[in-house]
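Chain IDs A, B, C and D follow the sequence of writing; residue 1 opens each chain.
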Amino acid sequence: MNITYLEAIREAQARALKQDPRVFIYGQDVGAFGGAFKATKNLAGEFPGRVLDSPISEDAMVGLAVGAAMEGMRPIVEMQFADFSTVGFNQIVNQAATLFWRTQVACPITVRLPFGGTSGAGPFHSQCIEAIYAHFPGLIVLAPATVEDAYSMLLEAVALDDPVIFCEHKFLYYHLKAEKLPEEALPVGRARIAREGRDLTIVTYSAMVHEALAAARELAQDGWEVEIVDLRSVKPMDTDTIMASVARTGKLLCVGEAWPWGGVTAEVISRVASEGYGLLDVPPQRLNAKDTPVPYHPNLWAAHRPTARSIVAAARKLFRQ
Amino acid sequence: MLRTALESATGDLAAATHLGAYRHMLLARLLDDKFAALYRAGKIQGGVFLGRGQEALSASIGVSLQKNDIFAPLIRDAAGRLAFGETILEAIRTYMGSALGPMRGRDGNVHRGRPQDGYLPMISHLGAMISVVNGTLLARRFKKITGTVGVACIGEGATSTGSFHEALNQAAVEKLPLVLIVANNQYAYSTPTHRQFACEDLADKAPGYGVEAHRLKGNDLTDCLRGVGEAVKRARFDGGPQLVVADLLRLCGHGEHDDAGYVTQEHKDSALGRDCLKVAEKFMLEEGWVTGEQLEVLRSQMIHEIEEAVAQVQREPAPDPFAEEWQALSCGGLSDVRMD
Amino acid sequence: MLRTALESATGDLAAATHLGAYRHMLLARLLDDKFAALYRAGKIQGGVFLGRGQEALSASIGVSLQKNDIFAPLIRDAAGRLAFGETILEAIRTYMGSALGPMRGRDGNVHRGRPQDGYLPMISHLGAMISVVNGTLLARRFKKITGTVGVACIGEGATSTGSFHEALNQAAVEKLPLVLIVANNQYAYSTPTHRQFACEDLADKAPGYGVEAHRLKGNDLTDCLRGVGEAVKRARFDGGPQLVVADLLRLCGHGEHDDAGYVTQEHKDSALGRDCLKVAEKFMLEEGWVTGEQLEVLRSQMIHEIEEAVAQVQREPAPDPFAEEWQALSCGGLSDVRMD
Amino acid sequence: MNITYLEAIREAQARALKQDPRVFIYGQDVGAFGGAFKATKNLAGEFPGRVLDSPISEDAMVGLAVGAAMEGMRPIVEMQFADFSTVGFNQIVNQAATLFWRTQVACPITVRLPFGGTSGAGPFHSQCIEAIYAHFPGLIVLAPATVEDAYSMLLEAVALDDPVIFCEHKFLYYHLKAEKLPEEALPVGRARIAREGRDLTIVTYSAMVHEALAAARELAQDGWEVEIVDLRSVKPMDTDTIMASVARTGKLLCVGEAWPWGGVTAEVISRVASEGYGLLDVPPQRLNAKDTPVPYHPNLWAAHRPTARSIVAAARKLFRQ
C-alpha cells in the first residue's frame, strides 16, 4: 500500500465519520464531487447525508459549524483554500474561539485549511496564515508534516472538544507517501524530533520539515549533524521539546514558509530567548518567506519561500559564528 | 393577579395570549428602566442597551417559542429573553458582572445566554448569530429531532452585513426552520434607513432568497403575536425559513450614553412612535381583559421583584481574578503553558 | 476582412454590433483553446480557467463599455477583456508569467488588469471586486466625472458571498452606476444551483436591494447585446445600479484540470447547452452579414496571431528573482528592513 | 488649550480634509452624528459631502476605499471598533495590501481602528489585533501613544501612499491631554524614547506606554532607571532604536496589551535575540495580556492586561537575575 498525505486526510475523515455519528463534513464541493483536492472523495456516497456541499459562504459555513457543535455535533469544515478562510475569519476568531470561555459549552469544530505554496498558485492560493489564528486565544492550530501525522492529528482534531485549525499543506498532498497509516501517534501539542543531531536545532513545521531534512542531508556531507524539531502543533507549542533540543545543540534556526512578522518563527525564538537564553551559544536565527505576497511565477516563488538551499546557507552562516 | 383577570376573561384565548406577552413586556420595560438608572448612577460599567419600544415584538417572539426551540436574541430583546425563560436574576447578574451569572463576569450586558438551553449568547458582530442558529437547526435534523424552530433577531442595520445574507441564503438552501426577525426601528445607531438600504421594504428581500415574508406593525402587540406566531408556525411545519419584518421606533438611545438627538420629530410623531406598551395596555383595557388598577399592582409587584433581585446581586461575589482559570480552551491540558 | 462584410451589410447597425462582438468572442475562444493546449503540454503552471460558452455575454459587456468606464471581469471573461481593450499579448504574458506582462510574473492567469486604465485585476476571493468598483465610481463622483459606469462580473456561485450582498447594497444606497453581471452557468465548480440558492430566479434579488434587474439569454449574442447594452445605458443615465442575470452553461471544466463530469446530460442537451459561438455564427450567416468562408479566414488569421504572440512571449524574459524588488510597499523607505 | 487624544484625531482629519481634496471619510455613523466616539464631530458639516455614513458593511467599506484609492482618492475608513474589522479583514489583507505589489498602483487608504481595552467593554469591544495586520505584507501598522503622535501620525498616514492600519487606543481617547498640537514630528517608522534610563529597556506602544511610564516612576523610587521605547509604528518596526536602547541597558522587557502568541512583543524579542544577542545580560522577557478573550468585569479586566503594577513586578524579576 502506498498512501499519500491527501489520502491520509481522506481516510481520517472516513474513519471519523464511521466511528462517530456526530461527525459531518461541510464545505464547497465536498459532496458528490469529493472536494477541490479530492480530500472527501467518495465520502458523500459512503456516508449519505453527512457530507454536505455548502454555498460559497465562508462566514456562514463556520457559523453553522459552531451552532451544530453547540448541539453536540462534531463538524469538519473544509475551506477550499486556506486563503479564503479570511472571509470566515470573524466566525472563527470571535464566535468559535470564544464560545467555551464565555459559556462553558465546548466548540468541537475542525476547520481544514489547505494551505501553503505550490508552483504557479499565486498570491491568493498559497498563503500560510497559521499565525493569525494562533494569535487568538481559544484555538488549537495544527500543521502536520507527514502522512502519518496528517492522519492521526486530523482524527485527534475531530475528537478534541476545542476548535481546531487544521493546516494541511497542499504541496505535500501528492508528494508525500507512506507505507501505511499509523495506529498510534504522539498526542496533539507534542513536537517530534524528525532527525537527531548535535550541531544545530532547526525548528520548523509542515512542508518546511522536508526542506529542512534535505538541508540536513546536505550539511551532513560536511559533517554537520542537524537536529530537526517538527512542531506538529503550532499552538499549543511544545516549548519543552524545543528547549531540550537547543540544550543539546546550542544553536537555533527557525524556518517557516509563512511571512516573518509575528509568525511561528518569531514565537519560537521569543520563547527560547526568554526561557533558554543560556542554552544558546550563538544568536538564534529565523528564515521565512519574503515579506511580499506569494508570487505566481515559479522562479519568483522558489526564491520567495525558504528551500533546502537557503536553509543550508542560513545554517552555514550560523556555523561560521 | 393577572391570572385572575384572565380567568374572568371567560377563557378568551386572545386575552390569555395578550396578557401573557404583556407581562414580559412590562417586566422588560421595568428591568430596562432599572438598568438605565443603575447606569446613570455609575453602577454599571460598559454599555447599557435597552429595548424600549420593541417589547411587543420581542415578547411575541418569546411567547411563540417552545422550550426546545432555539432563540438568538439581540440587544433589544429583554422582553423576548424573559418570555423564553430567562430570569431577571440572570439579566441583572450579567449586567452587574456577578460571578454567579451565566457569563460569570466574563461577558456582560446583552451578551448573555445558555447555549445548552437553546438560548444563544450573542457575540457583538452583527449578523453573526444567524448562521449559528442554522447550525443548531441542522444538528437537530441530524439528530432526527423534528418540530423545533430557531429564531434569530436583528435590527434593520444588520441586514447590510454579509453575515445576514450568507446565513439567510444558507437557511434557504437547507430549508431550515429559521425565523429571522428584523426589527426595523428606523435607525442603526444614528444611521437612518435611507443610508442603510434602498429597497422599498425589507420584506422585499424574501423572494430573492426564496423564503416567506411576514410584515407586521412592530408596536402593536396584536399584530406582533399574529405575525410572529404565524411565521413560527410556518417554520415549525416545514415551511422553510421565514423572514419577519417589523416596523417600529426605538424609544431610547442606541445605548444609554446616547441621547438619540438624531431621531426626527417626524418619526416621533408618526404611528411608529407610539409606545407599544401603552398601545397594548389601552387595547387590553378597552377589551376589558384587565383593569387599570390591576396593571398598577402588577407594575409595583414587578418593581419590587426587580429591586430585590438587584439588591441580591449587589451582595453577590464579583469574579475573583486570582480564582479565575485563565484558560480559553476546554481541554485544559492543551493550553499553551507559556502563555500565562 | 470582417469590415468588408460589414460594409456590404448596407450599414446595418445590428450587423456592425454583432460582428464587432463576435470578433472578440472568437478571439477569446481561440485564445482559451490555446491556453488549454499549453496547459496540457505542461507549459502553464497553476490553473487555467476558460470562458467557453460565456463569450457572448462577456463580449457584450466589453463592447457596451467605453474607454473611461470601469471593468472588473472575472475568470470567464477573456472575451470581455479583449473587447474592453486588452491585447492577447497581455493575456498570454500573464498566463506565461512573462516579466513584461502587466503583472510581471507576480500574479498570473486570470488575475490581471491595469487599474490605471479602469481595468481592475481580480483578487481570487469571490465577490470582493464589486465594492472596489463602487469605490472607483464614488471617486468619479467626487471628481465630478459623469457619464461613466462600472461593470463587475460574477458567477451565480458568488451571489452567496457576503461581499456580493454588501457591495450591491452599498451601490444601491449610493446610487452608483454599477452594472453587476451575474453569469449563471448552472455550476459553481461542481456545485449545482439548488445547493447554492433557493430563489426562483436570481433576478428576484433586485427588488430586495432597490435596483433594476435585467434577465437575458446568456448564449444568445443578440439578447446579450440588448440586455447588457440596456443595463449599461440605464446606469450611465442615472438609473442607479443594475443587476443583470444571464443564464447559460459553462462548456468546459471549472478549470482545465476538471473534466466537469458533474454536468448533467440534461443540462448539456437543454437550450442552455447551445454554444453561443455557434448560435452567433448561425444567426449572422442567416442574416447574410457574413459568409462561412469569411469566418474561416478570420479564424485562421486569429490562430496565426495567437501563435505568433505565444511564440513571442515564450522568448520573453522570465522574472528574475535576483532583480526583483522584494518589497510590498510603495513607500520603499518604510519597508521593514529586517523582513528580508 | 487642552486637547485630548480623541480631539487630536478629529483635528488631524479636519486638517487632512482641508488641505487635500482627495481625502474623504467613510464609516458607520461618521456623518452628522460625528462617529460613535465623536472622532469626526462636525466634520460632515464643515466638509459637506465628504464624510459619509456607510451601511454596516465592513467588507464593502474597505473595498470601496480601495477602489476610490485606485482612482486617486485618499479615503479614511473608520471601523466603529477595531474588533469589527475582522469582518472586513479579507479586503484589508488581500485587496488593499496586495494592490501595489501586484499592479504598481498605490493604495493610499487609512483604516482607523479604535482599539484596546476599557473597563466593562468585554470580549468584542476591547481587542488589540495589530499583530494580525502586521503579519501581512503590504500594510503599515501604527499605534500612537500620545496626543501629539495621534495627530501627526494620522496626518502622515493619510499622506502615505500605502494602506495604513491606524490603531487608536480607546482608553487614551479622553484620558490623555496635551497643551497643543505639534507642528513637527518624528516620521512614521521611527520609535521614540519616551523616557531615558540606564538599567532596563521597556519596549512598548500605545496605552501600555503610560503603564510603563507609571511603572518606571515607581521603580525610580528604588533607584532603577528604566528606559522606555515607544514603538509608535508596529510595522515597520524601528529595530535600530530598540537595539541602541538595549545596548545601553543590557536588559529588555517587552510589554503589549495584545495576546502573546505572535504579538508585537514576540516580534521585538525575536529581533533583539537575533541581532542584539550580545547586548543582553539577562534573558529578554515579555509581558502581555492573558491568553483568553478580554473579560467584561473590571476586576477581571484589570488582571487580564498588563498594568503598571505587573510591569513593576516583571521588571523587579529581571533586576533580580
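One rule holds in what follows: a contact is a pair of C-beta atoms (placed from the backbone, for glycine too) under 8 Å apart; a residue touches a chain by one contact, two chains touch by 3 or more.
Given the structure is predicted, the values throughout are model-derived calculations rather than measurements.
Upon removal of subunit B from consideration, the remaining chains are still joined by touching into a single piece. Counted as hops between touching chains, the shortest connection from subunit B to subunit D is 1.
Comparing mean CA positions across the assembly, the chain most remote from subunit D is C. The geometric centre of subunit A is 36 Å away from that of subunit C, both derived from CA atoms. Taking each chain's centre as the average of its CA atoms, subunit A and subunit D sit 30 Å apart.
In whole angstrom, the spacing between the mean C-alpha positions of subunit B and subunit C is 46.
Averaged C-alpha coordinates put the centre of subunit A at 41 Å from the centre of subunit B.
In subunit C, the positions touching at least two other chains are 103, 106-107, 111, 123, 125, 160-163, 166, 169-170, 173, 195-197, 327-328, 335-336, 338-339. Across the assembly, subunit A contributes 54-55, 57, 59, 83, 86-87, 90, 94, 97-98, 101-102, 123-124, 137-138, 235, 259, 261, 275, 290-293 as residues in contact with two or more other chains. Taken together, the touching pairs cover every possible pairing of the chains. Put simply, subunit C touches subunit B in their complex at residues 160-166, 169-170, 172-173, 175, 194-200, 202, 204-211, 240. Partner subunit A is touched in their complex by these residues of subunit B: 102-103, 106-107, 111, 113-116, 120-121, 123, 125, 128-140, 142-143, 162-163, 166-167, 169-170, 173, 327-331, 333-339. Put simply, subunit D touches subunit A in their complex at residues 83, 86-87, 89-90, 93-94, 97-98, 101-102, 123-124, 129, 131-132, 134-138, 235, 258-259, 261-267, 269-270, 272-275, 277-278, 280, 282-286, 290-293. Within the complex formed with subunit B, the subunit D residues making contact are 28-29, 31-33, 36, 53-57, 59, 81, 83-84, 86-87, 119-125, 259-261, 290-293, 295-300, 302-304. Those residues of subunit D that touch subunit C in the complex are listed here as 24, 50, 54-55, 57, 59-73, 75, 90-91, 94-95, 97-103, 105-107, 137-138, 140, 160-162, 188-189, 235-237, 239, 271, 275.
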